[in-house]
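Here is the structure we will look at, set down as C-alpha cells.
Here the chain labels run A, B and C in written order, and each chain numbers its own residues starting at 1.
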C-alpha cells in the first residue's frame, strides 16, 4: 500500500517529462496520437534562427551571471560562516526565499525608475546574479562548515599569513563547493523565466522567454524538441554538481 | 631569563575569566605540562602563547621578547592540535613541507628536510599518502613532524594523545619523550589526564578555574600537593576532616573522627584549626592482626573490594566512622567484605591540608 | 593585516552588491506603493506637488475584487501545500527507511525532474491535460457513462492545482526526508518494545518528531505558491488569476506601478508572516 503510493508519486513525477520527450519524436503537428518516429522537429529547431539566438543569449547570460555570482557567493559564504554575519546572510538569502515575482518587479522598478537603464542583457545578468548569490553562498558555507576550524589556525600557526591561508588552505578545500555553486548558478540562470520576464525588456530574449511565447501563441512540437535538449543539459549539470557537493545540494547541513 | 615567561596573564570572556592572573616561567629544553580539568583554561592559555587569543592584561615573553601584537604566523611557536588539523588536500609530504614553504625555503632544501623528517617518524613510505589514508598514530606522527620541521623555539601540544586508543597512547608517550630528548626543543603539553602528565613531564602546572594551583616536578605535585584540589585531582586519595591538636617542628598530632593521627609536620598549621588529613591508598597497610610496628594503626571492617587484577582497592570503615582506602597487591594475602582488619600507615605518610 | 580588514575584504563586495540589488529595489518598491501613478504609466513625478499617499492601499481595501484574489491565492497555496504533504510524506518516509544506496538513488530520482526547466514542467501538463490527451478523453468517457456533462481539464483551477503540486513537490520531499533520516531507529524499537503498534508508533513517535520538517517543507511550498503567476497564466482560465498575475498585470499591462507595488508589498508581508510562523520555536529545522 505504502509502496504503491510511492510508486504512484514517482509516476506523477516522471510521466509529464516522458510525454514531452516522446512527443518530440512524434511525426505529427498535433500533440495527440503517436504517428511515427521522426527527428524532424529537431531539424526545425536547428533552423529556427530566433530560437538559436535566444539560446545563445541564455548561454551568455548564464556564463556571465554565474561567474559573478560565484565570486560574490564564495566571498559571502566564507564570510558568513567565519564571522557569523547575520545581516549579510539575510541579504543573500532573502531573494532565495521570496516569491520570484517580487524580485522581478522590484528589480524592474530599480532599473527603470532609479538607474534609468534600458532593459536588456545587462539588467538580466545583474538580476540573475542577485538571486544566484544566495545559492552559491549556501553551498560554499556548508563546505566551509564541514571543515575542522583548527585547519585555519594550524596554517597560521605554521607561518601562513591570512592571505596565504586563503590561497593554500581555504580555497582548495572549498573548491568542490565553489564549482558546485557555479553549476547551480548556471542551471538556475539558464532555467529562469520569471525574473528574466520582468527585466529583459522587449528587444532581448532568452530561451525560456522564447519557449513561453511559443506556448502562449501556438504549441508546436518544436517546443518538445527544445525542452528535451534543455532537460539533457540541466540533467548533466545537476548530476555533476551533486557529485561535487552532495551534502550541500541535498540540504542535509 | 627563562625561555617563556608568562606574567600575570588574564583573559576574560564576558564576565567569565578563562585565565585569571597566570604567571609561569618555562625553561629551554623543558617538557612542561599544563594539567587541569576541562574548562580550567589550559587550552586558552595555550592559544594565548600561540597567538590565537589576545591577553586582556599581562604579558608573554619568548626569549625576552614581548609577544603582544605578533600574529601567530610570525611566532617561532608551533602547535600540534587536538584534531591534528592535517590539511586533507595535501599528502603527508606536503603537510610537513607546509611551514617550510611558508618560510619560502628553496624546494631542494624542503625535499631533503621533509624526507628526513618522514624517516625520523618512521613514515618514509607514507610520503604520498593523504591524511584520510593514515591511521590515527600515523596522523599523529605527521602532525608532530610538521610542527617540528622548522625547529620552533617552542612546540605546543594540545591534548594530542586523547584520540588514540590506550595501547597506542602509551607507545606515543614514549616516542614523545624520546623525540623531545633528542631534539632538545621545549614542549608545552596540555592534558586533562593526570597519568599522562606524570609520565611525560619534567614539570607540571596544575590549573583550576583559570588559576595556577601548583607548579612542580611530578613527584612533588603527586607526593606533596599544596591543597585539596591538587590532592584530589592528581591520583587517588582518602580524605578525613581533622582538627590540629599539636603542631610540632617534627610532627603534627591530629584528631580525626575519633582517631588520633600522627602526620608529617606543616609550618602553617596551628593547634586548634580545622583541615583535612589526606593519604594515598598505596601508603596504607592492612592485616588481620594488629600492625603495631606503625605509629598510626586502627581497627576496621572491609566495606567493599574492587579487584583490579594485579592489585585490589579496599574500602575500610574505621572505628569512629572514617572511611579509608587501601591499595594492596594481590600477591600477598587478600581480604573479603566484612572481614575485621587492622589498618595502619607510617607517621611520615599522608599529609595535613588546610587550603 | 588585521581581522577587520580581512572581514571586509571577504564581506564587502557581496554586501554592497546585495544592498544595491536587493535592499534598494525593495525600498523603492515600498516607496512606490505610496506614490501616485504617472499619466502614461509608471510613477508620477514627485515635483508636481503630489507627494506620498495611501491612495493605493485605500483602493485595494475598498474593492472586494482584489481581496478575493488574495483569498483565492491563499486557498490555492494551502491546497498545494496540503497535497504536496500528502504525496511527499509517504515517499520521504520510505526513502528514510531504505538502505543507504537505495536512499541516494531515490533522492536522485526526486531531484532530477525538478532540475529540468520550470516552464517545461508546466508545459508538460498542457500536453497531458489537453483536449486530445488520453487523460482528458478517459475522464470524459467516464463522466459520459454516468450521464455527467463534458468537462475541460485544461484551463481550469484543477489544471492549475495539479501543476502547482507538481512544481513544488521536491520542496516538500527534501526537508521532510532530511528530518526523517535523522530519526534514531532505536526509538521505534523502544516504542514497539513498550507495546505500541505500528499505527501508534507513527502517530506518537515518528510524526511528532517530524514536525519541524513538516513546517519548513510547508513554508518552502506555500511561499512560492502564493506568488505564482506562470502556472495560472499557462494552465488556468481567465477566472483563475492569482496575486502574482495581478501584480504582473499592474506592471506590464495596466502600468499602474503604485498599485502593483502595493500588491507586492502586501504579498511580501504575507510571506514574512508565513516565514515567521514556520521559523518560530518548534517550527525550526531541528
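By our rule, contacts are C-beta pairs under 8 Å (C-beta built on N, C-alpha and C of every residue); 3 or more make two chains touch, one makes a residue touch a chain.
Model, not experiment: these values are computed from the prediction.
A.B. asks: Would you identify the chain whose Cα-based centre sits farthest away from the centre of subunit C?
C.D. replies: For subunit C, the chain whose C-alpha mean is farthest off is B.
A.B. asks: For the interfaces A-B and A-C, which has the higher count of C-beta pairs in contact?
C.D. replies: Between A-C and A-B, contacts are more numerous in A-C.
A.B. asks: State, to the nearest whole Å, the distance from the C-alpha centre of subunit B to the C-alpha centre of subunit C.
C.D. replies: Distance between chain centres: 59 Å.
A.B. asks: Taking the mean of the CA coordinates per chain, how far is subunit A from subunit B in Å?
C.D. replies: Spacing between the chain centres: roughly 56 Å.
A.B. asks: If you average the CA atoms of subunit A and of subunit C, how many Å lie between those two points?
C.D. replies: The mean C-alpha positions of subunit A and subunit C differ by 18 Å.
A.B. asks: Mind pulling the residue numbers of subunit A that touch at least two other chains?
C.D. replies: Subunit A, residues with two or more chain partners: 161.
A.B. asks: Out of subunit B, which residues touch more than one other chain, so two or more?
C.D. replies: In subunit B, nothing touches at least two other chains.
A.B. asks: Using the touch definition up top, name the residues of subunit A that touch subunit C in the complex.
C.D. replies: 2-3, 5-6, 9-10, 12-17, 19-20, 23, 30-33, 71-73, 75-76, 78-80, 82-83, 85, 87-88, 91-92, 94-95, 97-103, 105-110, 112-114, 126-127, 129-130, 133, 137, 161-163, 187, 190-191, 193-194, 198, 208, 211-212, 215-216, 219, 223-224, 227, 230-231, 234-235, 237-238, 242, 249-252
A.B. asks: Tell me, which parts of subunit A touch subunit B in their complex?
C.D. replies: Touching subunit B from subunit A are residues 148, 150-151, 153-161, 164, 168-169, 172-173.
A.B. asks: Give the list of subunit B residues in touch with subunit A in this complex.
C.D. replies: The touching residues are 50-52, 71-74, 77-79, 81-83, 85, 87-89, 98-99, 102-103, 146-147, 150.
A.B. asks: List the residues on subunit C that touch subunit A in their complex, please.
C.D. replies: Counting only subunit C, the residues touching subunit A are 1, 6-7, 10-11, 13-15, 17-19, 21-26, 28-29, 32, 42-43, 87-88, 90-91, 93-94, 107-113, 115-121, 123-128, 130, 132-133, 166, 169, 174-175, 178, 181, 223-224, 226-230, 233-234, 244, 247-248, 251-252, 257, 260-261, 264, 267-268, 271, 275.
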